[in-house]
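Chain lettering (A, B, C, D, E and F) follows the sequence in which the chains are written, and residue indices restart at 1 in each chain.
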Amino acid sequence: MNQILTYSVYGSAILVMLIGIYAVLTKKNLIKIVIGLSIMDSGFNLLLVALGYIKGGTAPIFSPAVAGKDVLMVDPVPQALVLTAIVIGFGVTAVALSLVIRLYRKHNTIKIDEIKTLKW
Amino acid sequence: MVANPILYIALPLFTAFLVPLLAKLWKPLVRIVPGLVLAYLAIMSVVLMQQVSPEKPIIAMIAGWKAPWGINLVFTSFSGFIASLISILAFFIWLYSFGFKKVEFDDAQKYFILFMLLTAGSIGVVLTGDIFNMFVFIEITSLSAYALTAFYKGRDGAEAAFKFLLIGSFSSIMLLLGIAILYTYTGTLNMAHLALLMPQVPMHAKITSFLLFFVALGIEAEMFPLNGWAPDAYSQAPGPIAASFAGILAKAGIYALIRVSYTIFDLGDHGGFELLLVMGLITMVVSELVAMRQENLRRMLAYSSMGQMGLIMIAFGLGTKEGIYAGLFIMFNHAVIKSLLFLASAYLVYYTSRKKISDLDGFGKLLPLTSLLFGLGAFAIVGLPPFSGFWSKLSLLIATANSHMEFVLATVLAVSVIEIIYYFRVLGRLYFRKAHKEIKVRKPTWNSVVTMIVLALVIIAVGVHPDFITGLLHNAATDLADKADYIQKIIPDLFSQTLN
Amino acid sequence: MKKLVIISLLLVLGYSLMNTFSDIEFGKKREGISSYFLEHSPDDLQVANTVTAIVVSFRGFDTLGEVTVLFLAATAMGTILFRRRSKHTGLNPQRKSPQASRIVQAAGKLLFPAIMILGAYVFIHGHLTPGGGFQGGAIIATGFLLLLISYRQFKVEHKYVTWIESLAGLSFVTIGLLGMILGPHNSFLENFLNVGSLNDLLSGGVIALVYIAVGFKVGAELTGILDTLINIRETGDID
Amino acid sequence: MNVFFIIIMGIIMLAGVFAVIRFIKGPTTADRVVALDNLSTIVVATLIFMGFVFQRFIYIDVSLIYAVLGFIGVLTIARYLEGGI
Amino acid sequence: MIGAAIYAIITKDLIFATIGTSLISLALSVIFYLLHAPDVALTEAAIGVALSTIVFVIAVRNTKRYEED
Amino acid sequence: METVLLYLGYFFVSLGAVFLFLGAFGIFRMPDFYTRLQAGTKSSTLGAMSLILGVGLMQPEWFFKTLIIIIFIAISNPISSHALARGAYKTHQKPLTDTIDAYEEVVKEDETKNEEE
């Protein structure tokens, strides 16, 4: 049972990540590529949080309800890392999209094949 | 307090947040204050370099938590050397670009903010002792690099920046995956602690994560199949920024690569160093060959820069102390000389939009000083005797000979010949061709002249008297080679626990 | 053909990752630094939310970097899109897009204060409940977004945004530097205040202050990003 | 009472499945957005219910924020359709 | 969620793709919640659902809506 | 008293779940956009509200926050649907035949007013 869960959770996270990478590598549309980047990040975030999960654990917050009791808590470090990763991912997405808008202004297209002043 | 490694990060960030407010007070402050801060950092690194020794690294805690639990900054002889190099170089690049975009105030403000953050991020990558923190700093560095690449409106900067961003995003996702693997097997993020716990990681996970790290950091360090961003970014960015890419960004990238492969992973016996060596060889040969065919001066310099990075990788890939010494020497030289070349070339191609080498005919008479400095840089980088490049190449050759790699030695020599050919082609055009009619040239401003002359003086000084720097390099090499010492200095308690 | 190569490459990558991660059992407790955090966050710092304690104190440097990344993103977008504020001062350019319906406008007016209060609640209680500076900042930015999309004449005052952004960032770094002077270990971002007791609003010492600064900064930065993007048609000069 | 929770969750999940089907099928943008809107309502309800199942009071904050922010995404796309942004 | 990811990739209409990413964020946020990570769920909700969506929508608005072959 | 609240809570939760289901089913089954919107909004809002109310009744100390959420949902959901309907209308998405489009004239009036401004 646990084995199945392991495979399915990690497998789906990795699959989402691979879908994102596939989109980045094959798509011709610039916005599609940026969407691929954001999907890639999502997959990774899921993977990392899943790695920090502990069965039967609860959120690492010592609220009055659990204070003083001996409760199992999930690993807080991956959560903190994911928090950072999400915010950084958003920053990168925003910058990427502004680059896309500027490329569109200049070349009047968002197809990657038609923007080829430099060698790709 | 006055000289603390944390100030390397804290002060530039403080200034970057302060600059928009300063702009409201008095506009020239936007230019002056970053320079003052960078000057302070440069002086501070001199002070710190005198305090530090391989036996006594400076370790700065953050938020009062000891090493494996909190983040710490580690200023050892090795990391401190590179951090000092970066900060001093950053000061000179600031001096060069002091008058940059004097007319358009808003742009200048952004330029200085981004440049400060680029410097801070690179120094952060070098100094941090925590692997996730390194990721954050790499992200800061690369975001400011994207923005600076797309800085000019008329050029194709946006395209280069987008390409750079794509590859950079791959790099960051690979890095994150590597970090995730290491974290789950060891439960820690501190580099020294990771190195200590590395034996308990199973072999296949170790190899996977090593490859992920290698690819991710290889992108930053301009390793061969992954350096598609570099020539475009170098050629589209503003001149001083191209210099800082070569001198600052690439240095941070290669530092991270070396730190990861030397300290964290114990793959020396399983081909970890050989991988570095082979990739370095391929990078060097391919990029020097491509550099020969380039028409565009900036692109040629960019490919030559990649070739030098390959040389550095070869030196570190030898895995011996001599190799490390040679690699550090090349790093130093490359930072100084390539910056000089890029800064000088910025004036050579100032008014030509295509930046073709063939447009450079007869510039030797039009811009005598700049051309002279460019020529000096070219002589130095190919490794001709009176300049500093000679000593670094010599030490590399000795190191390869001592580890019995004749093939590598021969290749390095052959590639040097190629390098000589293409640099001399440019010099020939500069001095031995007649100028086209009606060439507009721009005379360099006083601050850029001062910058270039100082860099040239450094090259000559080190070339005539290499002992200026060999002591520092020896200390740094000793420091990097001794991994157990690094672990013990950072986490003494846990280290002694595992011994018992 | 190219696609096939890429797919096979991805399969190799996926296989090796899966191979690595399938050894790690899902939901199993592992040794590591996290147990130290779970022990010391309530005891030493008196912070209920361990994630907050890690983000702000143990790994506070990451947070500083993260805030910088957002600041950088805002600056970078300004650079990339050539937004020149000086050109438009006093003109107050109006967006030409159609006005939102009155219902949406009324809702914007009604919900905006509520969202602001919610955002403030989230970042003030960052050390007690889930959430904190980033989330609170994002919520505040969303509140401004609501106004931006429901009123076309609504304009974010850049003067204030810049001031808030800079002051919040400066106070973050200043708190860190104060820690170097006043803290017991003389290290950056160190706590130098009384930590209070667990689950009080005034607990955690410097953590709450840092998260408030982060909240203001993130809110201002995200608002700036959104405003830059929304006004792009009118202010970005087209070449 | 576990059976009761499972039944409720099953019903909600079934609702989610229908909304997702409409999301995939929906011929126009607006249809998809309706499905998204409905899904976010369902998610708010689910989150509160799961908080109850987990018996953690603090989890409610998440759904509180979801209730506020989920609609702004929908509103944005609606304004886009209108030509408003 | 995987379905939404695939959908976001294959569809030709970029607005649909944007809605797809929004849906991914939604699902991701629920999963984070179920994995007992409310902080992350909150962040994903705040950034993924509202802000990311609008950033993409504005980008589409300023460029082209349909992806042509 | 507590048992009464508990059973009341069960009742509301079940009611909410059923309404949520009906709303989603309506979205799935209805023939055109406007009817779907109607099913989705009305039914789901009621469902979510009553489910949350049920939870609030079962856990009396949570009641205050659940009340806030209910108020938010009550405000925000109709607004988003309204904006959505307006947006769909502007993209010339016609309802099924045999319906009387009274909104057309309002829109025209609005436009003329806007132009005057």
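Everything that follows uses one rule, which is that a contact is a pair of C-beta atoms (placed from the backbone, for glycine too) under 8 Å apart; a residue touches a chain by one contact, two chains touch by 3 or more.
Worth saying up front: this structure is predicted, and the values here are computed from it rather than measured.
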| item | value |
| --- | --- |
| Set of chains adjacent to chain B and to chain D | A, C |
| Chains touching both chain B and chain E | A, C |
| Most remote chain, CA-based centroid, reference being chain E | B |
| Separation of chain A from chain E, taking each centre as the mean of its C-alpha atoms, in whole Å | 11 |
| Centroid spacing, where centroids are CA-atom means, of chain A and chain F in whole angstrom | 31 |
| Whole-Å gap between the CA centroids of chain A and chain D | 21 |
| Touching two or more other chains - residues of chain F | 72, 76, 79, 83, 86 |
| Chain D, residues touching no fewer than two other chains | 29, 33, 54, 57-59, 61-62, 64-65, 68-70, 72, 75-77, 79-80, 82-85 |
| Multi-partner residues of chain C (at least 2 other chains) | 17, 21, 24, 30, 32-34, 37, 49, 51, 59, 62, 65-66, 69, 72-73, 76, 80, 98-100, 104, 111, 114, 122, 128-131, 134-135, 139, 142, 145, 149, 225, 229-230, 232, 239 |
| Chain pairs that touch, as defined at the top of this document | A-B, A-C, A-D, A-E, B-C, C-D, C-E, C-F, D-E, D-F |
| Complex contact set, residues of chain C against chain B | 16-17, 19-21, 23-24, 30-34, 36-37, 40, 57-62, 64-66, 68-69, 71-73, 75-76, 78-80, 82, 84-86, 162-163, 165-167, 169-170, 173-174, 176-177, 179-181, 183-191, 239 |
| Residues on chain C engaged by chain A in the complex (per definition of touch) | 2-3, 6-7, 10, 13-14, 17-18, 21-22, 24-30, 32-34, 37-38, 41-42, 48-51, 54-55, 59, 62-63, 65-66, 69-70, 72-73, 76-77, 80-81, 128-130, 134, 198-199, 218, 225, 228-229, 232, 236, 238-239 |
| Sites on chain C touched by chain E in the complex | 49, 51-52, 122, 130-132, 134-135, 138-139, 141-142, 145, 149, 222, 225-226, 229-230, 232-233 |
| Residues of chain E touching chain A in the complex | 1-2, 5-6, 8-9, 14, 17-18, 20-21, 24-25, 28, 31-32, 35-40, 43-44, 47-48, 51-52, 55-56, 58-60, 62-64, 67-69 |
| Touching residues (chain side chain D, partner chain E) in the complex | 20, 23-24, 29, 32-33, 36, 39-40, 43, 46-47, 50, 54, 58-59, 61-62, 65-66, 69-70, 72-73, 76-77, 80, 85 |
